[in-house]
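Here's the structure, in structure tokens; my notes come after.
Each chain carries a letter (A, B, C and D) given by its place in the written order, and its residues are counted from 1.
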Amino acid sequence: MTPLFAALILFFFVLFFGLFLVWVSGLLGPKTKFNKVKSEAYECGLPSQETHNTKIPVKFYLTAILFILFDIEIIFMYPWAVSFIEFVQSGAGPYILGVMGVFLAIFIYGLFWEIKSNALEWE
Amino acid sequence: MDISTIIFIILATIIVVSSVSVLMTPNPIYAAFSLAITMVTMGFLYFSLDADFIAGVQLIVYAGAVMVLFVMVLMLFDLEKETEAYSKGTFSVFLKLMCGLFLTGAVALSVRQSIKGLSDVAKVATPAEQVETIKLLAGRLFTQYVFAFEALGVLLLVIAIGVVAVARSRGGTHARH
Amino acid sequence: MPDISQTAAVTLNHYLALSAIVFTIGMLCVLLRRNLIVMLMGIELMLNAVNLTFVAFAHYSSDISGQIMVFFVMTVAAAEAGVGLALAVSIFKRFKEVNIKFLEHLKG
Amino acid sequence: MGSDVFEITVNLVKMLFIFLLMVQLVPVLVWVERRGSAFIQSRFGPNRVGPLGLTQLLADAVKFLMKEEFVPAQGKKLLFYLAPAIALVPGAVAFGSIPLSCPVHIQRFLMLQHWWGPYDFEFQSFHFGVGIVFVLGISSLGAYALLLAGWGSANKFSLMGALRASAQMISYELALGLSLVGAILIYGTFDFTEMIAQQAQVFNFELLGHAFHLRKYGILMQPIGAILYFSSIFAETNRLPFDLPEAEGELVVGYHTEYGGLKMLMFYIGEYGHMMVGSALFVTFYLGGYTIPLLTTTQINNLFLSMGAGPNVISILTALVFHVAFFAKVLFLLWVFVWVRWTLPRFRYDQLMDLGWKTMLPWSLANVIVTAVVVAYVRSK
């Protein structure tokens, strides 16, 4: 049993278990006739002012884009962190610190630039 | 048929079906979700190739970040159905299809030619060896490829600044009022 | 009599063929679709196919460099998606349109 | 695949057991949450159905099952039904890769006129060498359930809730990922089992004339990392004080506004699963995993040996003892979730984002830098 095969079995098992639960809940519940008012989108007792496709602030997407960029920089730190002790023990400690130091300096400059330029402000 | 073959067949089928549905679905949101399925399955395929770390990165970066961004942007655009999803004109479609088929043939042929020198039997790594693989990867990354690594740091910085600048920019001569 | 488990095993060919198929689908996506975002998705698909080739070669030739290349390609691909979407959003904000047909008029 | 039928069967049963463990814990947690909230607010909480209101859960389950099926008219049916199923997946799969106890060693034994074994069963569904990277990757898929639900419901509250939730999740994923780098620097591995083995080591020191023997638990070496990690799981799981996606005053209940009955319950199972994975990771990284502070494996083995148990039974019982220890730690952390819920007020959305990007990210960066310098100094000697 390779870990991948086990993970795939679990993945699909849980997915189909979830779909099965959805199906069962539809089967057991009471059946009602179609009701136009009921099947409208939820609103607090008033006719809906806006539809679901309302304007979404650009802010969300800017956050997501900055997230991707910083996420990759963090992913680069994972192999660095995991092999750090080996590098240090083989006498390359200052070198590996310097390599990541330059990278981190760029990262920190980017982060503070974003903060300073109000790209991360939410009103 | 051994277990790795079954895994490969299942994953390959999912990848092909979902990537075809990226091409075929007229609604971009469904296309984005299909692409997300492709990415996740591709990640699992990397696990079967003993590239565990790369597979994890694929899940984190592609499935977890890039595709979320795509979906968010599509929600921002609010495009229910596209009016003209595909390029028109039978001739241009024919041309493009021919291009695609030609490329497939070329790639398949070159693949057939290029694999002669490589052994088909690969060793299977145990979890302990996987850890060593990561350390090997890190060792190469921070010595042999260190310049590329730092250059990517600069690239990401430039893009982080550029994206904010592009998002801020307004006006221009072509604005439709 | 040949050993069935040997002949049925997944070889490099299988991965490369899969990669070629995905690459072609991605290219068709770029060529045929007219939505800017879906075209970007096609590019991501092509990059993924290339990554698969790299990982498969790294596995079958026992050389880790392929995986490092994949790492770099992923970084560049994510950066490309970021910039591409930023441009698409700013185009959409200005013209309320992401169809490539419309963008043909942007000349001069 | 395993070598024989017995091993494969045990592995499958184990997988099912761990999955059911997670699902079964959810009603218990709901009960803890209700009774705990009641305790903090000095009221009774559910106390009518069964002793201490324990069977309230069963009544609730039946009620959820009997709810009417409902899809909004403009909703996208496929996405609407798929979202709750997907919400279950990340928590369950990520939980499967965390070791819940020490491995069980089974010696050769005779069954059905056939010799079986020897076997080594790990107390986890599957063991990836890159443990933490796999868990982070799988949990990042959680955003899809939210986005599918938000988009599929065709409701502006759902959509806004989903967008807020995913923006919040991705913002805090940075601080979360970075706070773990400090711990990985110290352990030098991605593998959970190895991390736990390293934390089981004892280091001795003298203070004020007393000799101390402490386990090398991660929280002693990475206190700031532990705090940052624990705070970011609150945001990752959309719990108070970071439950902006379902802030009742503004967005009804966020992305699952249109869901009812069992489908809504499944989102809760997903959320609690996420909480459990977060807590289990915290235990593995910072609280020594399944180890017990003052007890070693040999001591427990000797205890069972003195009771006259055979080697296989000893191995199983030892694993169970460690399993209980692991779950005691996880349950304590889950209680902290409830505790914090009624202690801290909710943040405003801009404060939440500021906290994630401008406070926690720089602090975890500083943590990484300091840890790296210290590790380089200590290990080079």
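Quick note on the criterion: contacts are C-beta pairs under 8 Å (C-beta built on N, C-alpha and C of every residue); 3 or more make two chains touch, one makes a residue touch a chain.
Computed from a predicted model, the values in this text were never measured in an experiment.
Chain pairs A-C and A-D differ in how many C-beta pairs they share in contact, with the greater number at A-D.
The central chain of the assembly on a C-alpha centroid basis is A.
Computed centre separation for the pair subunit A/subunit C is 21 angstrom, with centres defined by C-alpha atoms.
Once the centre of each chain is set as its mean CA position, subunit A and subunit D turn out to be 17 Å apart. Centroid to centroid, with C-alpha atoms defining each point, subunit B and subunit D lie 30 Å apart. Separation between the centroids of subunit B and subunit C, computed from CA atoms only, is 4 Å. The set of subunit D residues that touch two or more partner chains comprises 1, 127-128, 133, 159, 163, 166, 170, 173, 189-190. Contact of a single residue of subunit C with at least two other chains is seen at positions 74-75, 78-79, 81-82, 85-86, 89.
Residue numbers of subunit A whose C-beta contacts span two or more other chains: 2-5, 7, 53, 56, 58, 60-61, 64-65, 67-72, 75-76, 78, 82-83, 86, 96, 107, 114. Per the contact rule defined earlier, chains pair up in contact as A-B, A-C, A-D, B-C, B-D.
Interface residues of subunit A, counted against subunit D in their complex, comprise 1-7, 9-11, 13-19, 21-22, 24-26, 28-32, 36, 38-42, 44, 48, 50-54, 56, 60, 63-64, 67, 70-71, 74-75, 77-78, 81-86, 88-89, 91, 93-94, 96-97, 100, 104, 107-108, 111, 114-115, 120-123. By the touch criterion given at the top, residues 1-2, 7-8, 11-12, 15, 19, 64-74, 81-82, 84-89, 92-93, 96-97, 125-128, 133, 153-160, 163, 166-167, 170-171, 173-174, 177-178, 181, 184-185, 188-190, 252, 257-258, 261-263, 266, 349-350, 353-354, 357-358, 361-362, 365, 368-369, 372-373, 375-376, 379-380 of subunit D touch subunit A in their complex.
Against subunit B, in their complex, subunit A makes its touches with residues 2-5, 7-8, 53, 55-56, 58, 60-62, 64-73, 75-76, 78-80, 82-83, 86-87, 96, 99, 102-103, 106-107, 109-110, 113-114, 117, 119. Subunit D meets subunit B in the complex at residues 1, 79, 127-130, 133-134, 136-138, 140-141, 143-144, 147-148, 151, 159, 163, 166, 170, 173, 189-191, 194. Residue ranges of subunit C in contact with subunit A, taken from their complex: 74-75, 78-79, 81-82, 85-86, 89, 93.
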